[in-house]
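To start, the structure under review is shown below, and the notes come after it.
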Amino acid sequence: MSETILKVEKVEAGYGEVQVLWGTSLEVPGGHLTTIVGANGAGKTTTLRSITGIVKPTSGRIIFEGEDVTRLPTHAKAELGLVLVPEGRQLFADMTVEENLEMGAFGARARAHYDRNLERVCHYFPRVKERLQQKAGTLSGGEQQMVAVGRGLMAEPKVLMIDEMSLGLSPLLAQQLFQTLKELRDDGLTLLLVEQNVHLALALADYAYVLAEGKVHLEGPAQEVSHNDEIRKAYLGL
Amino acid sequence: MTHLINVEGVSKRFSGVQAVNGVSFYMDEGEILGLIGPNGAGKTTLFNLVSGVIPPDEGRVTMLGEDITGMAPYNVVNRGLARTHQIVKPLNDMTVLENVTVGACFGREKLQLGKAREHALKVLHTVGLADRKDVLAVHLTIAGKKRLEVARALAGNPRLLLLDEVLAGLNPTEVAGMIEVIRTVRKETGIGILMIEHLMQAVMSLSDRVMVLNFGELLATGTPEEVANHPHVVEAYLGDPNMAEKLMARQ
Amino acid sequence: MIGILVSVINGLLLGSIYGLAAIGLTLIFGVMKVINLAHGAMIALGMFALYFLATSGGMNPYLALPLVAIGGFVGGVAVYWIGVHRVIGRAELMSLLATFAVSMIIIGLGTALWSTSPYNVQINIPGVAIGNYTIPGNHLVAAVIAILIAAALYLFLFYTRLGKAIRAVASNRQAAELMGIPSTRVLAIAFGIGIGIAAVAGALIATLFPFTILSGGGYELKSFVVTVLGGLGNPAGALLGGLLLGFIEGVVSPFVDVSWTPVIEFSLFVVILIAFPMGLFRVGRGK
Amino acid sequence: MKKLALSLLISASLTAPAISYAKDIVIGFTTSETGKLNADSTPQLQGFELWRDQVNAAGGIKVGNDHYKVKFVKYDDQSTASRVQQLYVRLVTQDNANFLFSPYSSGLTATAAIISEQYGKVMITTGAAEGKTYELGNQYLFQMYTPANLYLASALDAVKAKDPGAKIALIYENGGFAKAVAKGAKQYAGKLGLNVVMDEAYDPSTTDFSPILNKVVTSGATVLIGGGHFADGSTLARQLHEQNMKLKMISLLVAPDVPKFVELGDAAYGVSVPSQWEPEVKFTPDFGPTAAQFTKEYKARYHVTPGYHAAGGYASGIVLEHAIEQAGSLDTDKVAAALNKMNATTFYGNIQFATDKSDHGLQIGHDMVLAQWQKDSQGKLGKQVVWPAAAGTAPLIYPISK
Amino acid sequence: MLKKPFFWIMVATVIAFVVMPIFGGIGVRESLFLAAVYMILALNLNLMIGYTGYVNFGSIVFFGLGGTLGIYAITVMGWPLWAALIGAAVVVALLALLLGLGILRLRGAYFALATIGVVEATKSFVSNFDPFGGSTGMYISFSSYKPLGGPREALWIVYFLVIAVLAASLLLGYMIKRSRFGLGLFAIREDEDAAMVLGVKAPLFKAIIYSVSSILPAMAGVLFFFKNGVIQPDQAFELTLSIEAIVMLMLGGQGTVFGAALGGFAYEQFRGYLLTSATFSNFHLVIAGALLLLIVLFAPGGLTGWLHERWSLTRRVLE
């Protein structure tokens, strides 16, 4: 396994009085695709939110490239290269697609590579290229998801986290998007994926964490996890 | 025959997205109907259409023969249809008992305050929240809030109960507890229950019938067994086990 | 007939200033969902800033406008950190009361310092005669400046990185933060810009009419009306809303006693708010 | 802050004379230190204070053989009525005021007046011309101003004499005082047979007068009279100038009499104002200073020429002082009786109060003058008394030529 | 109800208001009169803001309209005071019900803005409406006080009537809070959509409470301006007083009867003190504003919230 780029150490976090994460720990190796799977409410999204600082961990640490970044504000983490494509796309609906991409490249580091990244996004998502001048809110769900991932790419991420990418997409589109993620991984991007479509996620990922009740229940190479009957039962109820 | 509820061809569009498309189904008293489907399939929208939170573009909803299409939610409640919310909506700054009393006061039976409080206490016992009755709703755990949702809906003595993912996010013990609650409710009151649920085990074991929604359309209806083996359902919702291999193969 | 025409022209000229005054209010609402009840006080401070620059400082009033804007911006950023930052995202009552408190403090200090007697900024620009009617020169200049500032704001919001960042934060603060936009700083800047514009609007008004520390109140109310006409939170709509309000005033006044104008204005305001809560114009917003 | 420093200075300078007073006479009132009436209220307060300090410096008010020092208790009414009654009751019951002055403005005075009646305290009202208050059955109110319905009489007399065919536009603030004035003016114009072509009120918060001025142009009016208070009146005058209105006469209430009006520059030129008093009037006072003396001392202290608000304030003091001395007592009924009997000339003009039950306390002795902003030989703006012509210091400029 | 300690706290408050001026004299009565009026405004506003969660910035319109209609009935139509009180209250309540059905479709800031519009529209309408005296307003002749035994005696009677309205406001606030209706309102406050799904007829409930919250302020308006001797639109419809009423509510703590009453009382005393204090009078507005800002930023629960945080017992006693 290659060098760890992001480390989550015994993080506890939650919303108000409701604690969701009870000492979650995981490691994201550079250049690989890692996935977190688990039931609704297991704390997958909260894990990503804790990493990005939207939710402030009450204890534990987030280590990124060897530095403790736990207390940094969200935007500063994005500047460092910790970029999240949030659940539900969260595009700037009243702004054009191009402006959305531009906002992805807000940070100085990302701006420096603006042209290159824009080209990259257009290359991976030709559909996005056609829609550059359209208001993001008027796109279809799949196109919005492409813009959301594209916007994340514009931020020149060192770790790109994607939350529930296939949510509400047709199987075909989901498949296409996963294909793209695979290409990105192959191009050397580090990815951390939270996904409800376990089959796809596990098929694609190099390494997987199974979350339950705010703790890592199980971890291992994705192949192993996907063939674990216990997991299938616990998660799919089959 | 007059069904407890009869939904005929309801549709709803949101700014270009067809959220629910011509869905029809019926339910009878004492029946538990499971509603499953991928996220974004339109399950909650269907709930909203039935419970009057949003009016449908097309179609008709009748309850015991009475047309309740597009009726304001409080009027729908008065006729005996109660629901819970997927994203819980506790009345935060009120106690658990007060929350449930609201349901009892303004539900189908419109109880007076004193009676409503008594009834609410009973319901709290049923769902297992009695010991937390004086706690502010905001301070409940997520599982507690889910129970509260159920309790509030039940307190109005509905004929039909719509449960929107009341098991999601609960740990196995809590899930077991909630399933027990649902069973008890059905046994004691004999009302109809329509439940959206992702947790297949629960859906399969609780439901008399299951219907599957995908992209706003009804994909299949049948007994749990029939549905679980329906190939389209497996592909759309349970996930195509072979898709991963297909994906790998393409490169 | 000419009378009505002139009345409408006058109304439109003033309407552009109503629009400018309202832009500050609606920008702040659009970005952070705060209705700034200190808006009127800020307008009044803009008036006094111009007065002191022009009268004590001896500057040309129009050349003093940029200074007023900068002062308003700095003051706005300060007010944001003192009074507004902590109430962002809380119940609207909190932000309403916090900004009202700021307003009380400003009005109180202003009254203690300058009393409530009117101040005057003298400007002599020849007017334009239409028949027996005259359109005052300072009204024309002020209207042109107001429209230019509104246009500049539009360009800023749509064609600069910071402007786009403001729109991004307005649209989805959390997503903006995830993209590396320091949203708190952006909010403070947006508040500062809103106040800066309010102050300039005040300064322009000061070139037209005598004013007191309390004069902002009337423009605050008008700004509410304009904002509702144009759609709360929609800066481009605000200018149109202002022009529409000015137009209404101009059209109505020849036919009814002018003391009825506020009755018409505010009734219209309530009715439009109920019937079209998103405003009459859909300019500059999606869908 | 400036105000504070000034009053400290003054009180320091006043501690000097070593007269031993038997007691204090407490006069209570509210004044608009904050709120929209502040500008109009301040000169009135200055008039009060000048009188107080002069009386005390001269040994106080003589009642029988005792000398009483005048003491003020004043509160800020914030230009709103909500606390006026509470404050006046406090003045009577807690601060033991012997006499009361009114707040500024007809509205606040009407509110305060009821307290004077309920607690049986004499109240000299000033800055409150509205007449209705005196028709309610008061016993202890005494008005210093010529009532509102006669405010514009001199202006209309002047129009009648100069240009009987003039078309008059009556444009006034939609507020208690100005509306009462306008109503009276319209009646009086009818009596004189003058042609009123326009009669319209504007909202008190109006800052833009172009809609109404356009209507004036449309109406073809040649004379504009009206206005309200300082803020709206000065704005109106400024816009009349900016819109280049070709009017033969402009007569506005209150605003042109406030010294700050001169700041309008050319816009002030030719504007006339019905005035309760002007520094140039020459009355031979039965008691108190002459107009020239008052003006000089007021100017020395406040560095502006007094307008009629200041004079009204000061005159309230000397009228009360005179009545107390006449009565030889601080007893309310005795002082009221002395006021009822009063028919005297002061620097401020003749003073006499109606004694009928139906309008007790209404000012019936005092006449108003019309003053006009004119330029002297150096082109410097100054106010001249122009009507009645006999009392004038300069002829009325009619039509205004710019 | 008689077993609840808070009921007796209310009774004691009312008795104190009755007794204190009898011993303390007229100065005390004047101070308590205004305090009582403020308390009435705050208590009834609490029904909207505290119970229902709708920020009414224009509550003063009830007070002003009540006063205008009542004084019109007395001076123009020659009605006795009691009839004017009832008449004004009934008309204002009906108008509020109609208005409420319209503007209560708006939520949050939109509703707050609409209520400001209502105040301004009403004020300028009354200023132009000649039957109500237009901007000059209406003056009350001293003869109107005759039936009550003359102006001096009338003040006492008016004072006791205001205390009666205050008592009614306290009781109303308390009873609504303890009622089924009140429960529905609280549900709306916490989550209107959830409340509707639980069967609360939110649009009707809101319109009713809006109307109910107008009745007692309308009566207070009649009494205030009857005592005042004159009513003018710019005094009757002062937006600032509306906002001050919210400040009172914040000061005392919204949502509780005790908080609203305490806030009204404390605010009146505090402003009165600042206004008449030689040290602060120049800066009373600044000090009041700074205090408000501190409350909003650091103690949004007001005095009651502060008490509740420290002693949970108060939560049970102070309703």
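So that you can tell them apart, the chains are marked A, B, C, D and E in the order they are listed, and the count of residues begins at 1 in each.
We adopt the following convention: a residue touches a chain if its C-beta (ideal position, glycine included) is under 8 Å from a C-beta of that chain, and two chains touch if they have at least 3 such contacts.
What you see is a predicted model, and the numbers here were worked out from it, not measured in a lab.
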item: Path length in the contact graph (chain A to chain E, fewest steps); value: 2
item: Relative to chain A, chain with the most remote C-alpha centre; value: D
item: Inter-chain centre distance, chain B versus chain E - centres from mean C-alpha coordinates, in Å; value: 43
item: Whole-Å separation of chain centres (CA-atom averages), chain C against chain D; value: 37
item: Inter-centroid spacing, chain D versus chain A (mean Cα positions, whole Å); value: 76
item: For chain A, residues that touch 2 or more chains besides their own; value: 138
item: Junction residues of chain B, two or more chains touched; value: none
item: Chain C: positions in contact with at least two other chains; value: 108, 111-112, 257, 259, 262, 287
item: Interchain contacts (touch definition) - all pairs; value: A-B, A-C, B-E, C-D, C-E, D-E
item: Residues of chain D defined as touching chain E within the complex; value: 4, 33-34, 75-76, 78, 80-83, 85-87, 89-90, 93-94, 107, 110-111, 113-114, 117-119, 130, 132-133, 135-138, 173-176, 179-180, 201, 203-204
item: Residue numbers on chain B that touch chain E, as the complex places them; value: 51, 53, 72-75, 77-78, 82-83, 85, 89-94, 98, 101-103, 105-108, 110, 112-113, 116, 152-153, 156
item: Footprint of chain D on chain E - complex, ascending; value: 25-27, 30-31, 33-34, 124, 127-128, 134-137, 139-143, 151-152, 155, 227-230, 232, 234-235, 238, 240-241, 272, 275-276, 281-282, 284-285
item: Chain E residues touching chain C - in the complex, by the definition given at the top; value: 49, 55, 57, 102-103, 105-106, 108-110, 112-114, 116-118, 120-121, 124-125, 127-128, 243, 246-247, 250, 282-290, 292-293, 296-297, 300
item: Residues of chain B that touch chain A when the two form their complex; value: 16-17, 38-41, 138-139, 141-142, 165, 168-171, 198-204, 215, 235-236, 238-241, 243-248, 250-251
